[in-house]
Structures are given as structure tokens and as C-alpha cells.
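There are two complexes below, and they share subunit A, which is joined by subunit B in the first and by subunit C in the second.
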Partner chain A sequence: MKEEKVKFIIIIAGSIFMVIFCILPFIFMALVSFSSRPDFLSARTLFSFTLKNYYSVLTTPSLHFIDYLRNSLVISGISAGFCVLIAALAAYSITRLSLPHKTFILFFVLAVSMFPQISLVSYLFKFMAGVGWINTYRALVFPYIAWILPLSLWILVSYFAQIPRDLDRAGLIDGCSRWQILRKIIFPVAAPGIFSTALLAFIFAFNEFMFALMLTSDHHARTVPVGIALFQGLHGELPWGDIMAASTITTIPVVILTIMFQRHIIQGLTRGAVKG
Partner chain B sequence: MLKDINKIRNYRELREAYSFLLPLIVFILAFILLPVAGAIFTSLFKDISFLEKKFIFFENYKYLFKDPGFWQAFRFTMLFLIVSVPLEMIFGLLFAVILNQSIPFRGCLRACVLIPWAIPAAISARTWELIYNYHYGLANFLFMKLGLTNAPINWLGSNLGAFSSLVISDVWKTTPFVAIILLAGLQAIPVELHAQARVDRANFLQRFYKITLPLLKPVLIVALLFRTIDALRIFDLVYVLTMGGPGGVTTSFSMYGYRYFLAGDFGYGSSVSVVLFIIALGLSIFYVRIGKWGKEVI
Partner chain C sequence: MKLKLVSLTKKFTSLRGSVRAVDGIDLEIQDNEFFVLLGPSGCGKSTVLNLIAGLEKPTGGEIWFDDRVVACAKKKIFFTPKERNVAFVFQSYALYPHLSVFENIAFPLRIIGEDVTKIKESVKRVGAMLEISNLFSARPCELSGGQRQRVAIARAIVRYPNVFLLDEPLSNLDAQLRVSTRDELKRLQQRLGVTTIYVTHDQVEAMTLGDRIALLKDGRVEQIGTPDQLYECPASEFAAKFIGSPPMNIFEAEVSEEGEEFYIIIGGEKIKMPDDKAEELKRLKGRSCAFGIRPEDIHIPAPILRAWKSKRSQYLKAKIDLIEPMGRERFFHITINEHRFSLLTTDVRFKQGEVVDVEFDLKKLHIFEKK
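What follows is the complex of A and B.
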């Protein structure tokens, strides 16, 4: 009985610490974004509420925040979509068809995801410069698809492997082609898995930094993480209020997405990592 | 006759299998394998923008091993890895154990833990930059209020401060990932084992050491592998928080290579990235070996 009580108290204390640890930076971020001065913590100034940071970030064209946000959403969305499609084809081939060296292929793809980005970026830069794609969506979409494929493949393989093969056989007997089976049987049955994968692929593309830094040069293709990392004031001094307002605007949809689809994200992450 | 039909069918299936795999292979070949091969190739050249390209064989590598800047980056990256990864594993395990209990608002707690992981590192790093601000940052405010220090700490301007800042922010950002993966491992442990141990009067700690930890080992190794590789190639945090400073003490491998690319020295930058690539590859092979996983993938 006593052990249970001690355990309960430890767990509650632990959860409180955990939540504060995870959330505190965001509270500070939001506070500064709504504050008329970023230095309200030092004793002489007081916190006073304002919306001017949000107004300035959303309406100053030279800050290009809206452009960055649009670039990020479009690039991540396209990358995630294509990535899931390509990974689904490959996962179907690996789990259903008599492909030799399946394990080797899976582990080779896993090893590929361990490559440091810095060792890809110089060639990609020269290649994109050569074909004139620097600072376009294409310069990021193609590397992103390749970069997120390993993770997507692993997650989808673990989902597809669970679908009973009798479904395929039934389809084959009815005269479906493999492509029809994939589209009409596997996709609907594995829809939750495909959704998880797409969500994770989107988050990974949205968070990517180094490719975006090297392969874009201004607001025509620059993504939000790079935009916020390079955010400079018009007059030299760092506009912390603006930066925090931009960060908060970017953070809110991600937070909502995370809370709504928490179960899917966790499932996808664990499938991708633990199944091996 | 039947044999022939089977043969034809097998051949057709094989062709289909490869054609379904083809797009994946093309993308990985064109945008990952070719770039790595390109980096290895370029590292054998003196390749600086606007200068003539010249084949110099291993000269870049020879220079690299005598370059104090390279060794500084090597030392920082290794130190960062050795300090931050164990902290992430410990906190991650702690969080996973908490998340695995049947407590109120469990779904809400899990979502909270996921948020630091889901936000782009470059963006949260910007908030951390403000938190570490000497004059009006949250870190100094809290440390002074709690009486942990008398004078404000120069977080980003001193050697130890900059290193600690990076470690703290990285632990904050990636502990959720470790926690989620370990949570899945915990959930796979049969409840009966713990119940039986309770009957045998094993206490909480004994149960943890004798049951949980051994059964968790494969998952721990997976988390360790992903974290080690990520810590090794750390870039965005360093880029936003310290830019490798003060005085170059927090320059990571990726940061070091990036500087040469930025300056247009592709040959030398590539040799740095190839060395990092080899270290990452070696470590992942090592982990896969000790983990002995991959036996029952499909």
C-alpha cells in the first residue's frame, strides 16, 4: 500500500516537471510575442500587452514572413505526398511480391538515412546550380523526397506486412492487376498507416534546415525555419518581438496538428523505429 | 507445361516487383548516393570557386589531419555527443516510464511531450537564443530568482556556457523522440511479468532492473543509434545559437564543413564531410552489430 502511494506522488511530480520542461519555452515565446518590449523580465520594465508584433510580421512585405510560410507549406506538402506514393509502391513490392534480397534493401535504405546531410549538400548545390533550379521549389522538393523516403518506407512496410495476404489473392482471382490491388485494396485498408506516414513526412520536410539554407537564396523559395533563423531587423537591432510573433504563428498549427493526431504520430514514429 | 507457366508467372512478378521499387531506387540514387559519391570524388580535388579545378589526390585529407580547426570540431562534436546522448536517454526513459502509467490526462501529456520534437529546430533555437540572453533572458531570470547563481551567467558568450546551452536545448528538443520510442518498448512488455514479480515481493526498483531494462534493450539500442547519428551531424542548433562561437569552441563537424562550402572551397569542405560520413557509417554498423536486429523484419 505504502509503495503505491510513494509511486503515485513520484509520478505526479514527474509529470508536472515533464510538462513544465516541454512547455516553458513556448510560454516564454508567446509572452514575448505579445509584449511591447522583449526585455520585460528585467526589473525596470513591465509587461504590457500588444498585438503590434503580429501586425508588423503579417503586414510588413519586406519581412516576407507570409512568403516563407507559403513556401514551407507547399514544399513540405508536395514532398510528403510524392514521398508516400513512392514509398507505398516500394513497400508493396517488398511485402507482397517475391523480390529477392528484401532484408538487404530495407537495411540499405536505413543506412542511407544515416548519411550526414553535409555530405550531400555540396553536390546538390552544384547540381541545382547547373540545371538552374537554385532558389526554386524544385531544388528542395526532389532532395526532400529522397531524404524522407527511408523513414516512410520503414513505416509503410510495417503497416503493409500486417494486412492479410488473402485480400491480395482475392483481388488476383478477380483479375485485378497489382496496381489495382494496391489502389483499391491496400490503400483503403492501410489508410490510417498512410495518413501517419504522410503526417510524419510532412513534419520532417517542414523541419528540414540545411538543404533549405544552402539551396535557396531569398523569399522565392526560402522556408520558414531558414527565414526565422536569418530574421534580421530593418535597423540592425534584433526585433525579438517580431521573431517571437513569427515563431508563434508557425508553432500554433504544428501544435494543433500534434494534439489532434498525437496517436497517429506516435504510432508512425514507433513503427518506423521499433519494428526493426 | 505447368512448370513453364509458373516460370512465366514468376518472371512477370519479378518484373512487377522491380518496377514498383524503381521510383524509390531512382530517387535515392540521384539525390543521396550520387551526391555522396560526388563528395568523395570532389574531396580529391582542389576545387575552389573561380579557380581552376586540380586533381590533388589525398592532399585535402593530409591537410585535414594537421588542421587544428578540424580537430577542434572533432573534439566538440564528440564531447557534445558523449554529454547530450546519455542525458537524452535518461530523461527519455524517465518520461517513457511516466507516460506508461495510467494517470489522468495521459493523451494530453503525450501531446505535450511531442511538441518540442514537432517544432522545427531552427525556430525553437531562436526562442532558446532569447532565453539565454544575458540581460533579459528567462534562464538568467529563473536562475537568479531560484538563487542558483548570484550573478547572471554569460550563456552564449562563454565556452562552458555556450556548450551547456547547446546541450540543454538539444536535450529539450530530442528527449520526446527517445521517450516515444521507449514507450513503445515498455508497452510491449507483458503485464503478467510485473504482476508475478509483485507476488514475489520485488519492489519497484528491482522490477525495473530485472524486468524492464533487459526487455527494453533492443529498443534502447534503436533510440541510441538514431540519437548518436543525429548528435554527430548537429547543425541547425549550432547555426542559430552560437554560429560555432565563441572563438570556434562550439563548431560542429557539419558547421565546419559548411563554412568551407560557404567560402567556395568545395574540395576541402567535401573532405570534411566525407570524414563525418565515414564516422557515421562506422557507428551505425557498430550499433546494428551489437543490436543483432533485422532478423525478423518482415
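What follows is the complex of A and C.
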């Protein structure tokens, strides 16, 4: 009885602490974005509510926030889509076909992904400048796909490995080609894993900073994280209100995506495929 | 569809070395036959089935469907499962979890592009046959084991396969359901008249279902025959032990030859062999043998009979160690001079610890050569 109570208190206290710990920066961000005196970071000013910052972020043409947001969404969406498609095909062949040196391939991919971004970025810049892609979507989409692929591959390999092999065999018996097995059986069954991987890939690309900073030069391809970081006021001061309002808006697509996909990311969809 | 396997071999090479899962199997399976592959775990039953289905490529030998080679290692011929038109029921059922029961059954038809009204008809037909029409809209995860198993069978038979392959389809069901489904399966096979190959490690299932049984051991065929042949004349000690429940008593005994007569010595008692057994012993002279007798072939004679028969028969003194009632029969564990035997009887007069006379039915004695 007493033990139960202690446990309960610890769990509740722990959860509250975790939630506050994680959400406090967001609350701060939102508060600042709604404040008419956003420089209250240091000074002891009173909070007064305003939508001025949002209005200015969304309408000031020189800030290009809408452009950045569009760039971000398009680039991240394309990157995540291709990344998951490639990773899913690769994961299928690694888990199902008798490839030689499967484990080697898998670990090689992991090893490659361990290079720090900074070690790649100067070469990437040279390369992109050479092919004339600097400040285009392509300049970010291709590196993003390559950069996120290892993670997606590993997640999907572990997911596909859980799908019983008998489903593939049943598909073969029922007359499917390999491609039909993939499209009609494996992908639908693995849908939760594929959706969550896609979401993760999207968030990764959406938050990426280094490549975006180096490979873009203006609002034609610049993404939100870089764009916000480079916000400047008229006289070179940091416009905290605009920055925070922009950041708050930026979190919205991710939140919406998460809520949308949450329906799909339900566990245990394979239940009932095999015994038990 | 007639099936023929010619010295079929499958070698697996993995990190732990190479395994000959199937080691030169020759089989001929007749049209419409219910053929059972029986054997202990790991003897290569599933691998044979997968080879027939086209899910694995043989490393040696040939597979014939009627007079067509569908797989030949030497000539590099390999037909896919689709080309062979086989149906397979997996041990795990392997239903598609994202599809409803109806769609699961319709799946093979949709893949070959059957038209919609025909699909509906076919699915309804097998649904009615297997009494699962009321489950059509359910997902596999909502079904019980027995229902899943029916759906798996329905999916297998919906498109008139050439061969019907089943890999331990009943092993996930409880004992009662297993018996009723077993009977149903047999009836279904007779109705459909499709050549069927059924894999099991359960000898009762094999005996009740099979027109013929192939007993496998370590990737080889130990014996092929009808259930009765396997029971009456096991070809080896392994076959003798594997088939029959409770299993056959296997024992070693000294053989002594006196002129034309042969005797075996059990528990210090010399027992004269009948003529046919004597002949067999003569043939096996000099080689080491084992003897086998089924529990129901050891009798405890009634006292009156004993007095009457004692001139012609030889009795052995046996102590009853344990009695296991099994309903209609009783299963006795007995010792004859340190040798353990088991026997089956319907006699209820005896008690544990009692010493009784037993008699071996020597006509039913089996002699196996030791390898």
C-alpha cells in the first residue's frame, strides 16, 4: 500500500518534471512571440499581449519568412519521401533477398553516416558550386537524402525484419512478383514503420542547419532554420519578437504532421498475421 | 497431378557450416493421393515441401509434375510457385494482417486479374464450404486459431491448385479442435480430389490422414507405405519407435541356435522362435540385432487359459511397476528381470507391484538389424 503510494508519487513527480523540462523553452518562445516588449529577456518589463510580431513576420517582405517556410516544407518533403522510398527498397532486399555481405553493407552505411557534417560541407560546397546548383532545392535535397538514408535504413531494416517471412512466401505462392509482394503486402503491413520513419526523416531535414547555411544564399532556397538565424532588424539588432514568432509558426507543420501520422503509427498491425 | 521427386537434395550453407536438409529423396505421389511426410523435428520435412512448392531451389535432383520437369538442378530448370500453381497452408497461417478475411481469400484471384464478379462467386463458394462466410469482414487479428486456419485453407483452395501443400497446419490448434479439423480436412481433400502433401511430426495425424506415408529421418526416406504397412512391418528400429502410441518395446536379447531351432533369451528364459522368425535370424546370423514388440502384443493370460496353454507357451515372470489408466485400456510398465517393457491391456484385475506371467505374441515380434 505504502509502496504503491510512493511509486505513484515518484511517477507523477517525474512526469511533471520531464514535461516542464521539455516544454519550458516552448512556453518561453511562445510568450516572447506574443509579447509587445520582446526584449524582456533581461529587463523587468511587464508582459503585454500582442500579435504584432506574427503580423510582421508574415507580412514583411524583406524577412522572406513565407519563402523560407515554403522552401523548408518542399525540400524536407521531397527529401523525406525519396529517402524513405530508397530505404524501404533497400531494407526489403537486405532482410529478404540472399544478398552477399548484407551485414557488411549495413555496417558500412552506418560507418559512413558517422562522418561529422562539418567534414563534408566544404567539399559539398565545392561540388555544388561546380555543377552550379548553389542556392537551388537540388543542392539541399540530394545531400539530405544521403545524410538521412542511413538512419531510415536502419529503422526500416529492424522493422521489416519483424514482418514474418511466411507473408512473403504466401505472396509468392499466391502468384505475386517480388514487386507485388512489396507493394501489396510488405508496404501496407509495414505502414506504421514507414510513416514514422518518414516523419523522422522529415523532421531531420526540416531542422538541418549546416548544409542549408552553406549551400544556399538567399530566399530562393534558404530554409527556415537558417532564415530565422539570419533575421536582422533594420539597425542590425536582433529582432527577438520576430524570431520567436517565426519559430512558433515553424513548429506548427511538424506538430500537425505528428498528429496526422499518429493515427498510422499504431503498434501491432501485424497482429493476426501469424499464430498467437 | 502426379508428382515425382528424383534424388532430390538440398544443401544449406550458412555461417555454421553446411547442412544437408534433404539428402537424396526419391518419391512418387499418385494423382489425388493424400500423401503424408512424417518425421521428427529437423528432419527436412518443411524443406521438401518448400522445394515442391518452388520456395526453395534444389541443389540436386529433379521434381516432376506429371510429365513436366519443374525443377532440375543440373539443367538449371526452375519454375516459380506461380507457374507450378500450388497452394500452401503455412504452419503460421500467414494471413495478410492488413486485409479483411474476404480480401485475404480473394488475394490470389486478384493477383491473376480475375474479374470482380467471378472473384465474389469463388470467395463465396469456398467461404460456404468452410463455413466462414460470416467472418468475411473481420480482420485476421479478430479471429480464433481455428478460424484463421480455415481462412488459410480457403485462400489455398480458392483457385483450383494442382497440388495442395500443408505444413503442420494443425499444430497450433488445441487437441479437440485438431481432431475435428483433421476429419474435416480429410473429407475436404476427398471432395476436391486434389493431390495433397501434408507435413506433420505427429504420427497419429499421419496415420489417420494419409493414404500413404513417407517417414523421413535426417533428410532421407526411412520407409514409405500405407499406414498399416508402417504399423505392421516397420522397416527399421527408428520406424518402429516413431509409429505407434505408446511406442514399441525395443530390446536386445541373446540368440542361441540349437540345430535347426533358434531361441532368444529374455530374463533368463529361453523362448523358442517360430519358423519364420527363425529364418530371419538365420539370415541375420553374426550381425547384431534388436527386437521389438508392440505393447498390445504382450499379453497377461487369464489363469484358466494359462493352465490350458502352458504346454505350448512360454511365460515370463513380470513385475508390474506402474499402471496408467487410459480410459478404455490400461498401460502397464513392467520389468522382466531388469528389462523394462510396457504393455497395453483391458484387464482391470491387476494391481501395482504384483508379479504376473506374461506371454509375448511371437508372430508379432519384429527383428531389426543394427546399423
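FYI, the second predicted complex is superposed on the first by the 242 of 276 C-alpha atoms of A that agree within 3 Å, B and C clash if a C-alpha of one lies under 4 Å from a C-alpha of the other, contacts with A are read in each partner's own complex, and residues count from 1 in each chain.
Operating definition for what follows: a residue touches a chain if its C-beta (ideal position, glycine included) is under 8 Å from a C-beta of that chain, and two chains touch if they have at least 3 such contacts.
For clarity, every value in this text was computed on a predicted model and none was experimentally measured.
Contact with subunit C, but none with subunit B, is seen for A:L172 once the two complexes are overlaid on the shared chain. In the superposed model, A:F34 makes contact with neither subunit B nor subunit C. Of the two partner chains, subunit B is the only one touched by A:L257; subunit C is not. Using the contact criterion defined above for the overlaid structures, shared-chain residue A:I86 touches subunit B, although it does not reach subunit C.
In the superposed pair of complexes, A:Y54 makes contact with neither subunit B nor subunit C.
In the superposed model, A:P164 makes contact with subunit C only, not with subunit B.
Contacts of A:F204 after superposition on the shared chain: neither subunit B nor subunit C is touched.
Contacts of A:M244 after superposition: subunit B is touched, whereas subunit C is not reached.
More residues of subunit A lie in contact with B than with the other chain of the pair subunit B and subunit C.
Within the superposed three-chain model, A:Q180 lies in touch with subunit C and out of touch with subunit B [touch as defined at top]. Shared contact residues on subunit A (touching subunit B in one structure, subunit C in the other): 269-270, 273-275. By the touch criterion given at the top, residues 10, 13-14, 16-18, 20-21, 23-24, 27-28, 30-36, 38-39, 42, 94-95, 98, 101, 103, 107-116, 118-128, 130-131, 135-138, 141, 172, 176-177, 180-181, 183-185, 203-204, 219, 222-223, 226, 229, 232-233, 235-236, 239-240, 253-254, 257-258, 261, 266, 269-270, 272-274, 276-277, 280-281, 284, 288, 293-294, 297-298 of subunit B touch subunit A in their complex.
Residues 164, 166-167, 169-170, 172-176, 180, 184-185, 188-189, 191, 269-275 of subunit A touch subunit C in their complex.
Listing the residues of subunit A that touch subunit B in their complex gives 3, 7, 11-12, 14-15, 18-19, 21-26, 28-29, 32, 38-42, 86-87, 89-90, 92-95, 97-99, 102-103, 105-107, 109, 111-112, 114-127, 142-143, 145-147, 149-150, 153, 157, 161, 178, 203, 206-207, 209-210, 213-214, 224-226, 228-229, 231, 240, 243-244, 247, 250-251, 254-255, 257-259, 262-263, 265-266, 269-270, 273-276.
Across the interface of their complex, subunit A is touched by residues 50, 53-55, 80-82, 86-88, 90-98, 107-108, 111-112, 139-143, 145, 148, 155, 172 of subunit C.
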